[in-house]
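One structure, as structure tokens, below. Some questions next.
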Amino acid sequence: MSYVDVNGKQIEVDEDGFICDPDLWNEEIVRCFARLEGVDELTDDHWKVIHYLRGYYRQFGIAPMIRKLCKETGFNLQRIYELFPSGPAKGACKLAGLPKPTGCV
Amino acid sequence: MDDRETPLLDELEEGDWPSFVAELKRAAEKSAMSADLLRQIERSYADNTGHWKRGGIVGVRGYGGGVVGRYSAMPEEFPGVKEFHTLRVNEPAGFYYTTEKLRELCDVWDKYGSGLLNLHGSTGDIILLGTTTENLQPCFDALGEIGFDLGGSGSAMRTLSCCVGQSRCEHACIDTMDVTHDLTMNFQMEIHRPAFPYKFKIKVSGCPNDCAAASARSDLAIIGVWRDAIEIDQQGVAEYVDEGFDLFNRVIRRCPTWALDWDAEEKRLKLTSEDCVHCMHCINEMPKALRVGQERGAAVLIGGKAPVVKGAMIGWVLVPFMRLEPPYQELKDLIVQVTEFWAEHGKNRERLAELIDRLGMPAFLEGIGVEPCPQMVDAPRSNPYLFWREEEVKHA
Amino acid sequence: MPKTDFGPPDYREMIPPIVRENYGKWRYHRIPRPGVLEHVSETGDVLSSVRVASPRLVSTDFVREICEIADKYCGGHLRFTTRHNIEFLVSDREKLQPLLDELEGRGYLIGGVGRAISNVVHTQGWIHCKSAVTDASGLVKSIMDELHDYYTGKKPVPAKLRIAVACCVNMCGACHCSDIAVVGIHRRVPRVNDDVVSKSCEIPSTIASCPTGAIRPNPKLKSITIAPEKCMYCGNCAAVCPAIDVMDPDTDGVSIWVGGKLSNARTTPKFSRLAIPYLPNHPPRWPEVTEAVKNLVEVWRQRAKPGERMGEWIERIGWERFFQITGIPFTEKHIDDFTHATTTFRSSMQFRI
Amino acid sequence: MPKTDFGPPDYREMIPPIVRENYGKWRYHRIPRPGVLEHVSETGDVLSSVRVASPRLVSTDFVREICEIADKYCGGHLRFTTRHNIEFLVSDREKLQPLLDELEGRGYLIGGVGRAISNVVHTQGWIHCKSAVTDASGLVKSIMDELHDYYTGKKPVPAKLRIAVACCVNMCGACHCSDIAVVGIHRRVPRVNDDVVSKSCEIPSTIASCPTGAIRPNPKLKSITIAPEKCMYCGNCAAVCPAIDVMDPDTDGVSIWVGGKLSNARTTPKFSRLAIPYLPNHPPRWPEVTEAVKNLVEVWRQRAKPGERMGEWIERIGWERFFQITGIPFTEKHIDDFTHATTTFRSSMQFRI
Amino acid sequence: MDDRETPLLDELEEGDWPSFVAELKRAAEKSAMSADLLRQIERSYADNTGHWKRGGIVGVRGYGGGVVGRYSAMPEEFPGVKEFHTLRVNEPAGFYYTTEKLRELCDVWDKYGSGLLNLHGSTGDIILLGTTTENLQPCFDALGEIGFDLGGSGSAMRTLSCCVGQSRCEHACIDTMDVTHDLTMNFQMEIHRPAFPYKFKIKVSGCPNDCAAASARSDLAIIGVWRDAIEIDQQGVAEYVDEGFDLFNRVIRRCPTWALDWDAEEKRLKLTSEDCVHCMHCINEMPKALRVGQERGAAVLIGGKAPVVKGAMIGWVLVPFMRLEPPYQELKDLIVQVTEFWAEHGKNRERLAELIDRLGMPAFLEGIGVEPCPQMVDAPRSNPYLFWREEEVKHA
Amino acid sequence: MSYVDVNGKQIEVDEDGFICDPDLWNEEIVRCFARLEGVDELTDDHWKVIHYLRGYYRQFGIAPMIRKLCKETGFNLQRIYELFPSGPAKGACKLAGLPKPTGCV
């Protein structure tokens, strides 16, 4: 396991940079992760996606399917990749503090 | 690297079949990653188990897939494979290469990766086996320079592949390579940015011999077929017979529908064409005399897959015959219809076949707007559990 | 933004001139000698393809070596087959024999064409996959070291025979439709790390991942429980949830399946069926597996009619006799008990006693 | 206590002397004329059995009448077949022709032997069953009035043809394995009387009775609810629970199934398959059903090869052509969507286009 | 009864096929019950629906079944059928009768019932169609006097039935009638006092022609078969051929396993006996020349049933070969084993086949102590979802 | 529907004599039904069966299968028929005031 320094706090993440204890998640962590994922500025659109993901996960215990994410946020897939260049799973879910999605490889 | 480090693997350098261990060693000479790979594999052989971690979500910017992340479970012992991701590189249709192109690929891979690769992965990709997270992006960029893009991974449309088709086969009813390339270009978005419930595979075979193994390994298989009569060169058949070819036992008796008969007096092979189910057997046996018909196109089969979760499937006939000419619009529309329906109704990690199994084929057909036809089934239903739409019953 | 979505190299730039010129014009082919295909075009052109075994897992130097050969004899063109063989494409008849000589000289195996055993479709194994119960490459090497004479045509076989090896039941090949399939299997119920489940598992997905419904939520621990009597160790839950571990070197093993096919020739495509439920996982040479595969090939080779594939032969003689002849015991494991099991039970009096 | 458990009459006291003497000694048989079987024993004895159609639902006077005939020609012995025909057993050759004459004189139909349409296996219908969607006896009479020439052998048919009629999907016959089966079906979701459910329904049994899981408990009303989109009107819930009513004269109807068989001759036993999902229920003569059955028989009769039963013929020509030739439309209803549906989908390229 | 009362049914007196309406009328002349039955049926024909109530649990003392209760839904209009129960009377094996016995039966039935009956019900019973609750016991007692007992109904073992077997058929490999009678006598308790989860049917056919339709209609089918070679009378075969019998097209080509061949020179029919699957076809076609072998016995198939709930089934091979000699102990023991297991594990209204489907055949076989054998399946499993017992794995 | 007179009270029963409203059930009804079913005297054994049936029905909402009944009461099938000559379904269940059992006919 490795650690990411978030304003001095050591946050444990797995090899892929996903947070190990989702309970530790907070907005500062997002900002820090964002930089690592190539997101320079966190806009409202970013937050919309992040909040949607967290809400969905809290309710259903799983990450939404991408199609659902697009539908509910109103962003098409292209736009999601603009917001999160490493994609919804590697990018958005990671920032939202979700467990690694189970979509297949 | 010291030879005695890998006594178990060394045994696999013996024997006549080409040795992957020899290849590992060849790569290990140039690459520290490969050297550690060799050591870790040796350890697996000793421990009787793999030493990779689960998980691994890494990639390149702008794509959601194309890379399979992999980390060693013993990074201290084998630091070279601490990160050992594969890049799935989309092969050219038909697996043809110029040596020039292959050499360029080798150069890039020696620079950024382990120098080990699979030609090919069983989906069809060139599998570049092992690089670090850091090298992913530069490697991808370098691949782009020489014209190689990534293939699919994750819940995406996967890299397509096909049989050799018209490029070298007399049986091909469709231009498999062109269909494959055209669809690949058309569905770049779906290949690179996973947005489906699960993986979606397409493979293309030129005739029912199915040399691309499409019907077992693709959610949507495109298989060439004809619908007029087999072309018979009677002269050619007579030659086979004159040369002592056992026509009865090798062909007539083995035609699944007894569509063929030999008129010994007239020396004519008689075909009852309406009985022919295009199995290819007679044509395979007498390629000099028999030939697929002239009205050519393809069937589309859906649902082929491996065992997990609901069991393995061999593709089911969805469209028994479709003409296939560029730009293959009808086919593309169908693929969009099918994937849209699946994306809309499928659950996470539910393959197309499993969705259809869950909702029922009639509901699926209605959903994608395809008319039922008898070719879709081996036989009609035997249980009396029929559903009726309200309109149908009211009018009665 | 980097360049994206440009796709693979265009096949039109990869094919040799003879292919470009005769595209769609091939009339027939013949097999002048094992491992060589001769395609004749309506233009009169003749293309000889020489098929050569590849370990599939190769080094860049290997690739450079075959490129060198292709430059010398094939105008710098080559291809790979859907079963990972290499094909050298010779348009100049003069160059065929020298090519064959050079290949043989270098120790390449020429074969896999026509009625032969072709290359083994296989998977990553311990080389790269985290799910691997066994090592595919090692199994393939061990098996083909025994069977290469059937590849090169030194020993003829009745028909095509397709072998596939998969390191787990995901069967990343077409194992489920192969004449002979070798598949790694687990035999122990996975262990669950409840603590990790609660943190990094999408529980609903994990529950849904189980083919036999063996997984129940365990709300107390915010985890899940596996009912041991329902679990058949497929490992799919472990693929979905990082907190589940199904590996167990002591009990893991290898199973063998037979009689599948994919072509539509004569009979319709068939699934492979269970022959041997378990053999030990014995690297580096897997003697038990190698022996079993060889036995299957031999029994078929000696008894099948010309042109009869493994599954066709078995169906002709009947599974009853298959088990008798091969000496493989028939057990309760051979009887299906998954979803469509009842459709595989014998509903007729047509059997051999 | 009254006398119980004494069982049926002992067959040994029921069989005629010629049967007793040649029991287990029969060597072969021939069919000297339609409706007559001639069994030859190794003792040299010859037994002629004359098969006669019965409506199955008979009066005691009918029974007395056939007894009278049997007394006259058969030494007071007769039997019934498993398809409800009467068989007069003649051991005295002299009596055969007079028996045939008398039977014909009285209007009995002699036939059903060998390559023929035999009696229709059927069920109670409105005569006695509470579940009857239609009347089996009436359907049989209507159909056989059209087809009796194939029974008596006036018109020859290619092979045995077995027709069965069931008044509901319980199929109290072997409809599911008949060459042609006529089955009453509902098409409307049952109505539930919640009040009665709460009093006289074993709710768990009712829920379990539904093949498609359409029934949910409705705890508020102490009753149950049927999900209309899941219900396919089988009526099994209504068989279990007196508060559920599935009858609906307006929408109930008749379906037709083809190609089943039970013998193991040549092909293994086969299920009947859906041909026509719905025809109206039109007593007293069911013209639509009669017409449809006749069409099926005719199409088969004219095209099948000698000895080829309905299902064998269809499999030879393919279901594609069956639908084309009979003019029956192929609809989504013909595609299975019950438990094993996927095993019936065509997984091959072997089809006619 | 006035003729014009039943205009619809009257139409069914026309035509050549024997008319059940004629029979109804014949009975109606003697019985008021039958007259009202006729009227109620006419009403059904007019209304397009039945007029019987659901329910009906009536019977005779000491038995739990054998009677199907039936009440008219319109008792005011058709008082004669207010109560109209049927008695299921166990037929003698093989459906043989002396006219004397039949007449006795008619007399009892005219006295206590409607005078209408089915010869036979499709399970095999004599169905005495329609009597009152009050008359049940006296009728049963009177039947007993003439030696007729009731058959099964409800969740019981049902009345057995069989084909004509050795009594009149040259193909019979077993004495179907004796087996049927013997089992019937042996299982009187199970037939008369329902104690199973659901109905349980047994039928017996003498050979794979299955003239008792056993494999489709019985939870346990006993079907005769042999295991040595077919007996060939070569002289007889030659006679068929000489008389112009098309041996190739009628027999050789239609043998499912191509076990037969004709040696034209030697005029011999050659049988590869190990390929014969006892389908009966060649014997059926040439009964004068071919004959079932000498080592005779029966196979036991289980699970045959109609569609409700899990779909129709055709019986599955449980025992491929069992010798059958009186007292049939092995068979009886097997039946007890099977029904015990089912009674123990089956749910209410769960047929044997459905239980096996739910628990799995391996579990069932273990439960009843029968060894697995390849004859039980068309082919071994294709999915890799194998279970292992703990002992098996530990020893590895 | 018909009625049975139980000490002056009219209890509604169906054609088969099963009680229509199980809530009305009481011991007097049992005694009355018993006579109709040919049970002359209600012994402890009778009551054991009846109470078992009622208990089971209350708990599971269905009648137990006969085999279960025998096992739990300790009476074999023969004995059950001695106690209730018209059998467990027609006899015992009716007396116990259960709905008509759904075993098949």
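Miscellaneous remarks
Every chain is named by a letter (A, B, C, D, E and F) in the order it is written, and numbering of its residues begins at 1.
We take it that contacts are C-beta pairs under 8 Å (C-beta built on N, C-alpha and C of every residue); 3 or more make two chains touch, one makes a residue touch a chain.
Source: prediction; values computed, not measured.
The set of chains touching chain A and also touching chain D is given as B, C.
Homomeric contact chain C/chain D: same residue numbering on both sides for over half of the interface positions.
Centres computed as Cα averages put chain C at a distance of 65 Å from chain F. In this assembly, the C-alpha centroid of chain E lies 33 Å from the C-alpha centroid of chain F.
Multi-chain contact residues, meaning those touching two or more other chains, occur in chain D at positions 169, 171, 176, 205, 209, 211, 234, 239-240, 242, 264, 269, 271, 338-340, 342, 347-350. In chain B, the residues that reach two or more other chains under the touch definition are 53, 55-56, 61-63, 68, 189, 208, 210, 215, 256, 278-279, 307, 311-312, 314, 348-349, 382-385.
Shown for chain A are the residues in touch with two or more other chains, namely 14, 18, 62, 100-102, 104. Chain pairs that touch, as defined above: A-B, A-C, B-C, B-D, B-E, C-D, C-E, D-E, D-F, E-F. Across the interface of their complex, chain E is touched by residues 169, 171, 176, 183, 185, 187-188, 211-212, 232-234, 250-251, 253, 255, 257, 259, 271-275, 277-278, 280, 316-323, 330-338, 341-342, 344-353 of chain C. On the chain B side of its complex with chain E, the touching residues are 307, 311-312, 382-385.
Of all residues in chain B, only 8-9, 11-12, 14-24, 26-27, 30, 34, 37, 41, 44-45, 47-56, 60-63, 68, 70, 84, 86, 89-103, 105-107, 109-110, 115-120, 122, 129-130, 137, 140-141, 144, 147-149, 151, 161, 163-164, 166-170, 172, 175, 177-178, 180-181, 184-185, 188-189, 192, 208-213, 215-217, 250, 254-256, 278-281, 284-285, 287-288, 291, 306-312, 314, 347-349 touch chain C in the complex they form. For chain B in complex with chain D, the touching residues are 208, 210, 215, 223, 225, 227, 256-257, 274-279, 299, 301, 303, 313-317, 320-321, 353, 356-357, 360-363, 365-366, 372-388, 392-393, 396.
Per the touch definition, chain A reaches chain B in the complex via residues 14-16, 18, 38, 62, 65-67, 70, 77-78, 81, 85-90, 100-105.
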